[in-house]
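Following are the structures in question.
One chain, chain A, links the two complexes that follow: it is found with chain B in the first and with chain C in the second.
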Partner chain A sequence: MNGPHDLGGMHGMGPIPIEENEPVFHSEWEAKVFAMSFATFINYFPVDETRHASEQMPPGDYLSSSYYERWLYALELLLSKHSLVTPAEIEARITEFRNQN
Partner chain B sequence: MTSHHHRPESDIALRVKAIESLLVEKGIVDPAALDAIIDTYENKVGPHIGAQIVAKAWIESEFKQRLLTDGTRAISELGLTGFSSEHMVVVENTSEVHNLIVCTLCSCYPWAILGLPPTWYKSFSYRSRAVIEPRQVLQEFGLAIPEQVEVRVWDSNADLRYLVLPERPAGTENLSEADLAALVTRNAMIGTAKVQPPIVSAAA
Partner chain C sequence: MQRLSTIKSYPLLPFSLPMPIETPNQCMTAQDARVLLSEGLGCQVESDLPAQFQVGDRVKAKVMHPRAYTRLPRYIRGKVGEVIKDHGVYVFPDTMGQRLSTKPQHVYSVRFSAQELWGIDASPKDSLYIDLFDDHLESP
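Moving on to the complex of A and B:
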């Protein structure tokens, strides 16, 4: 599929963002997205499906999201597709958490 | 789905927390397993593993030949094969050839051997530019490759991952395998740096 992920040779992406002494994860949510994806693609769906799912992100979103935001998109898509967690459950839980604060 | 552009970090963190609580509640993931995965990639797996492979190849020419002929098999000899590094090709830097690794389609990377990739490797600029202007990209890493040296760029994919065998620096003839491994950096094994000789202390 020729989508926004097919970046080889694309112009206009600017300088390489080099960060000295970079941590493995930049926040707790990045680490959690990685771990939840890893745990589910070991047990519920293959890693290739995760990659394919992230490539289904709309081009505008793909190009304006960070690496782990794309992983999060793929995770949500696959959890829903495999009937593990529905989008409605996620939204309901977010509302619940917000109301607790 | 709404645009992710400039979504506040706190919103993302809350969303991730909600998903985690649902997965745990449904028994789909075990919180201890999540912690173990994070610990593995933060503290256990990393470039020190690739550095062991490089140092061994510098010391043992027969191992080096096996590594360059069949990277997958030679790495499994050392028991260092792991998730996302099942099929490996090792490419050697010499005075005539400089190799550079990228994954234009995704961010495929030998996790078991180098750990998780740095942000620059995953960036759109590296993924797009490494294949059309590798010398300019290397300049941004402070690496000037002379015109007469050929630059070869290897585009990784879901099934095949690459590792650069960097040149052994001069003045390291008497170093042990462990001391050599300590010189080898992540960037040198991707091809965005060279291995630097050890810093010799003036006060011996």
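Moving on to the complex of A and C:
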């Protein structure tokens, strides 16, 4: 797939930011996405299927997303595609959390 | 966190899923996770499958633009390099990514000169080593 992930040779992407003492996670939600994805991916999906899933993010979103936002996209896509969870269930849960806050 | 994408439709072409989802229904313990994270999952296959190419062979990365998954980067397609090392036999990511089959095959470290990839303005001293599978390569 000639997707936005295949960046080799592209110009104009700007410098790669190098953080000193870079933390493993930049905020708590990233750790949660990692934990959910890791446990799910290991149980259900080969690593290449998870990579392919994140590459299917619309190019504009892909390029402007952070690493763990792409993981979350891949997780939702694979869970939905394989009918383990429906998009409606994901939306219902988001609404539930939103109403709690 | 800004919620970027709610998935409402799938951009993929329809495809079959011969590799069924297995549901172990076992919780991963913290210790399991630690081991998996530190050791990873092996993708190497014990196999006496013959190699299509030998160390020292000149090989060309195929020109192909599959709409599904591939680990063959665009910027080396059609470029000629040299096989530097045979890593052995591994499951094939391009088919695994689509849940099609493991299709084990040899993986090689292939050296491409920077000038082959980027033209005359690139340094004549630089090279790029890329791991490629039998199915990515052909004889030039």
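Here, the second predicted complex is superposed on the first by the 101 of 101 C-alpha atoms of A that agree within 3 Å, B and C clash if a C-alpha of one lies under 4 Å from a C-alpha of the other, contacts with A are read in each partner's own complex, and residues count from 1 in each chain.
Following the convention adopted for this analysis, a contact is a pair of C-beta atoms (placed from the backbone, for glycine too) under 8 Å apart; a residue touches a chain by one contact, two chains touch by 3 or more.
Since this is a predicted model, take the numbers as computed values, not measurements.
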item: First (chain B), second (chain C), both or neither touched by A:Glu76; value: both
item: First, second, both or neither for A:Ala31, with chain B first and chain C second; value: first
item: First (chain B), second (chain C), both or neither touched by A:Ile16; value: first
item: First, second, both or neither for A:Asp6, with chain B first and chain C second; value: both
item: Larger contact residue set on chain A - chain B or chain C; value: B
item: Which superposed partner A:Gln56 touches (first chain B, second chain C, both, neither); value: second
item: First (chain B), second (chain C), both or neither touched by A:Ser65; value: both
item: Overlapping contact positions on chain A, where the chain C interface meets the chain B interface; value: 6, 8-9, 27, 29, 38-39, 44, 47-48, 51, 58, 61, 65, 69, 73, 76, 84, 90, 94
item: Of all residues in chain A, those that touch chain B in their complex; value: 5-11, 13-19, 22, 24-29, 31-36, 38-40, 44, 47-48, 51, 54, 58, 60-61, 63-65, 67, 69, 72-73, 75-76, 79, 84-85, 89-90, 93-94, 96-98
item: Residues on chain B engaged by chain A in the complex (per definition of touch); value: 1, 3-7, 9, 12-23, 26, 28-30, 33-35, 37-38, 41-42, 84, 102, 104-107, 115-116, 118-120, 122-129, 131-132, 137, 140-141, 155, 158
item: Chain A-facing residues of chain C, complex; value: 1, 3-8, 10-12, 17, 21-24, 26, 28, 33, 36-37, 41, 65-71, 73-76, 93-94, 96-99, 117-118
item: List of chain A residues in touch with chain C within their complex; value: 1-2, 6, 8-9, 27, 29, 38-39, 42-44, 46-49, 51-52, 55-58, 61, 65, 69, 73, 76-77, 80-82, 84, 87, 90-91, 94
